[in-house]
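Across the two complexes that follow, chain A remains constant while its partner is chain B and subsequently chain C.
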Partner chain A sequence: MSDAETRIVVVGASLAGLRGAESLRRSGFTGHLTIVGAEPHRPYDRPPLSKGVLTGEVGADATALPNLVDLDADWRFGTPATRLDRARRTVTVETGEALPYDRLLIATGASARTWPDAAQGRFAGVHTLRGRDDADALRRDLAAGPKHVLVIGGGFIGCDVAASCRTLDLPVTLVETGPTLLAGVLGAHLGAVVEALHAHRGVTIRSGTKVVALEDDGTGRVVRARLADGTAIPADVVVVALGAVRNTGWLSGSGLSFDAGGLDCDADGDALDEDGRPDPRIVAAGDVARFPHPLYPGKPIALEHWGHAVAQGVRAGRRLAGLPEAPYAEVPAFWSSQGGITIKSVGLTAGADGLVIARGDPKEGRFLAVYGREGRCIAAVAFDCARWLPAYAERIAARAPFPPEPGGVDAGPMRVLPPAFPEPADEDAA
Partner chain B sequence: MSDRPDPSAPRLAAPSPDAPSPDARRSAGGLRVSVDLNLCQAYAQCCYAAPDHFVLRGREALHYDPAPSASVRGDIERARIACPVQAIRVEDAGAARR
Partner chain C sequence: MSDDTLFAQVKDEAARPDPYPLFAALRECPVSRQEDGTYVAATHAAIESLLHDPRVSSETLPPADRPKTGNPFKDWLVKPLRDHITDTHRPFIFRDPPDHDTLRAAVMRQFTQRRVQAMRARSHVLVDEILDRLGDARTIDIVDDLAYPLPVTVICELLGIPPEDEARFHAWATQLATALEPDTLQDGAARAENSRTFDAISEYMQGLIAQKRKHPKDDMLSGLATEEPGGAPRMGDFDLIATAILMLVAGHETTVNLITNGMLALLRHPEELRRLRDDPERAPRVVEELLRFDPPVQFRTRKALCPITLAGVTIPEGAPLVLLLAAGNRDPEVYAEPERFDPDRIDNRHLGFGGSLHYCVGAPLARFEVEAALTALARRLRNPRLIADPPPYRPGSALRGPKHLRLAIDGIDP
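Now for the complex of A and B:
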């Protein structure tokens, strides 16, 4: 079959799906390209959804991503994929139409984990935040001037939402089961630094406790939350920010290996079947792909980072276009803005057994921490000092010894501290 | 330590209810902008090139207008080119890509 007759379907009109499709065309693919999206929107950027969109500074519809290449694609919006038939090589969408493929890119991403009690989760005023429409709905409720906002979960989304509430001058309480905010990803040592920033901006923080129930006013509108110690806190808007589950349910019956933690892939990014054999026609990228990372041997990982969706999407496009590709080995990286401080990270902190403040000083609000495991550098986190970070990314890629050698300009004493991750390690910390 | 917008700083234009939607602007040749904030190292050159569309808050937190109108294409292009780490991506929606 000539390339011009080849049919490629991208499932997921997402950042990974869009950059993957662009990469296909840039790699010379001239065949039929179909892009299937569950939502009625063109691919959009998620980072503003928990920040500028909530404060009204950025319109939800202004988050559409730039499309960098003429894709000449058949876009199918608002039609979630419902079934994958690998024998017939078709993807069925919600309308019942079966789209034939020769090669497939799976980039269906993840969904917000919902409140465990479904009836309580449906109370008016209770939100999750993942997509554009979620952000718009939450923005409207915040703009109405609620008396008490409650955020459940002190990960990045929960912290962003609480910060946006303070920008809007709304009273907000953040409840986190761990010892500090962001303890799952940074450990409690640096989590305490972040927590102080939010407390300073007026967020009421309840760490080390748990919301056990949401209660309504009798008409289905949330009015308060019950905590594990029996006390209640008032809440007319509740944001459930308990992490994400991967969008893999539509793969039921496909014979591929998946669960709520991702679709399993090999080091090349090819999807694995239930017997662990790669399907050479199917590649996955972005949040949904769980793959072995050469820098982090052991458990395969599924990363929710923006840069990862771009890099793995681009690589997937090249592979589907038939170009030779080395196994994916990008050093993971993310950024976040917390209480006016820009936090940037390279590597993965999970499993770290030591931490050093390698440059600067947390008391000054500007510092760089290096995380180590078994004598090797595995991650570095910069607070308002992004320009120091690339040098540490190189050390992580090179598996350089930990702790780093002392004596550099602005370098601290390299005293090894416990990172203080909560037990058990947070599965979603990556 | 506050990331509340500094009232003296240039403000990104807030969306007004009367403003055309980005899709309408797209057909009229609006722009779409995204910045790779992993790459961004807060050199702030974009903030000098297009001060109404890129703002640093605090030392390193870049805020930008993701959907500027086509009338400021020149400023946005200057910002894109000025970025020392080439972190800015711009789509000229007037190109009507699909």
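Now for the complex of A and C:
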């Protein structure tokens, strides 16, 4: 079969799906390209959804991602994929139509984890935040001037929402089960630094406790939350920010190996079947792909980072186009803005057994911390000090010794500290 | 293969019109030791790596070894102002974090969107005024007639220097720019001349700052002298003088070279000059490509604070480093057809403004000044021809650019 007759289907009109499709075309693919999206929107950018979109600074409709290449694709919006038949090589979408494929890119991403009690989760005023429409709905509720906002979960999304509420001058309480905000990602040592930033901006923080129930006013509108210690806090808007689950449910019956933590792939990104054999026709990329990372041996990982969605999407496109590709080995990286401080990170902190302040000083709010495990550098996190990160990314890629050598510009105290991760580690830390 | 005199050849004036073949030879070793113990980084990857390496310092001047009383006021009375600035209040281009960050942040707060946008509009007016004044000239020197007057006026207006003092600033800036040349430090006469200039400009600035404190206006110097309501502490006098001098010099010489290098490149690529005239919207692409193809800042110097191993070479502690930005800009590992002037190239991650913490503060100013100058030249000069190719160059190898760029023209359109 010639390339021009080849049919490639991209499931997921997401950042990874879009960059994957562009990469296919850039790699010279001239065949038929179909892109299937569950939402009614063109691919859009998520980082603004928990920040500028909530404060009204950016419209939800202004988050569309630019197309970098003329895709010449058949777009199917608002039609979630419902079934994958690998024997017939078709993807069935919600309308019942079966789309044939010769090769397939799975980039279906993840969804917000919902409140465990479904009835409480449906109360008016209770939100999750993952997509454009979620952000728009939450923005409307916040613009109406609620008396008290409650955010459940002190990960990045929870912190962003609380910060946006303060920008809008709304009273907000953030409840986190761990010892500090962001303790799952950064450990309690640096989590405490982030927590102080948010407290300083007026967020009421309740760490080390848990919301056990949401209560309504009798008409289905949320009015308060009950905590594990028996106390209650009033809340007319609640944001459930408990991490994400991967969108893999539609793969039931496909024979591929998956669960709510991701679709299993090999080092090349090819999807694995239930017997662990790669399906050479199917590649996965972005949040949904769980793969072995050469820098982090042990359990395969699924990353939720923006840059990862781009890099793995681009790589997947090249692979589907038939170009030879080395196994994916990008050093993971993310950024976030917390309480006016820009946090950037390279590597993965999970499993770190030591931490040093290598540059700057946390007291001045500008520093760089390096995380180590078993004598090797595994991650670096910069607070308003990102310029040195590429140097540390090189060291992490080279599995350089930990602690790193002292000296240089703006050298920190370099004392090895415990990162203080909560037990058990937050499974959706990243 | 390695020729440890290559960088000496770069600094030699004979190389000024076209140093790029030497850069290509230097790129063969990403990091090479020169005969004088300097280490030169010449590939894009090696330069990027060192720009982001915390073992690399910009504190190129040794700390002061003179005894101090500990009382700044007394020190100030007993010593020339310039010593105080060069010892402990160096401009932030020569300083490391954390001091660098504090000073730079104070300046960045003055680069407000409103101020920058107003000056963008103003630069088009200034360019047209300058060209109008040339009347029906049949020759034009891009350097003296346009590239020098424009940036000095822009930076003086931004800082809030009275227009009647602009001419003095022009002379001071030209002299002080030589301080960025590595060989100036070895040349006694040049150092003495720089010192005199430094004294003159420092004293002038001190007076002006006192005036701004008393009667603040809506300009950057007033903002720096009087900030900051509920914000950071006010910058001290010495840091403020040093910062103002830095902005004057850095906002000046570099832009002159970029305008001149730009017009030279356009005249050597007439089809690009025509395309810019027909479509002024191309100006941003042209300027970005110029910053890659022929950048005004060809290299910057640094120092290794610790031993650094890079590309198989171990740079010893204390070694002087040269980051050869203009060589990295033509690295075939990063750019397709790097020797071609091509404003349409995509993903042009040039090193024309440096990178990392010392990335050019004035980059937005440089961009719009040069866009304004080149679009006006392309539109208004009738049939421009180079009188000499290559043109004569000024001596500097770090800040490199033509001394004159004379063109024959058939007139200047309105």
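Observations, loosely collected:
Operating definition for what follows: the second predicted complex is superposed on the first by the 429 of 430 C-alpha atoms of A that agree within 3 Å, B and C clash if a C-alpha of one lies under 4 Å from a C-alpha of the other, contacts with A are read in each partner's own complex, and residues count from 1 in each chain.
Throughout what follows, a contact is a pair of C-beta atoms (placed from the backbone, for glycine too) under 8 Å apart; a residue touches a chain by one contact, two chains touch by 3 or more.
Everything numeric here is computed off the predicted structure, so don't read it as measured data.
Once the two complexes are overlaid on the shared chain, A:Ala329 sits clear of chain B and of chain C alike.
Ranking chain B and chain C by residues of chain A touched puts B first.
Once the two complexes are overlaid on the shared chain, A:Ala228 sits clear of chain B and of chain C alike. Touch criterion not met for A:Ala144: it reaches neither chain B nor chain C.
By the document's definition of touching, of the two partners only chain C reaches A:Gly360; chain B does not. Look at A:Ala391: by the touch rule set out above, it reaches chain C but stays clear of chain B.
Legend: residue contacts after superposition of the two complexes on their common chain; A:Ala119 is shown touching neither chain B nor chain C. In the superposition on chain A, A:Val416 makes contact with neither chain B nor chain C. In the superposition on chain A, A:Pro47 makes contact with chain B only, not with chain C. In the superposition on chain A, the residues of chain A contacting both chain B and chain C are 366, 385, 387. Interface residues of chain B facing chain A in the complex, by the touch rule stated above, are 1-5, 12, 14-15, 21-23, 26, 32-34, 36-38, 40-42, 57-61, 63, 65-67, 89-91, 95, 97-98.
Residues 45, 47-48, 52, 56-59, 61-73, 75, 163, 166-167, 197, 200-201, 306-307, 310, 333-335, 337, 339-342, 344, 365-366, 384-387 of chain A are the ones touching chain B in the complex. Those residues of chain C lying in contact with chain A across their complex are 48-49, 52-57, 96-98, 101, 305-306, 356-357. Those residues of chain A lying in contact with chain C across their complex are 358-361, 364, 366, 385, 387-391, 394, 405, 407-411.
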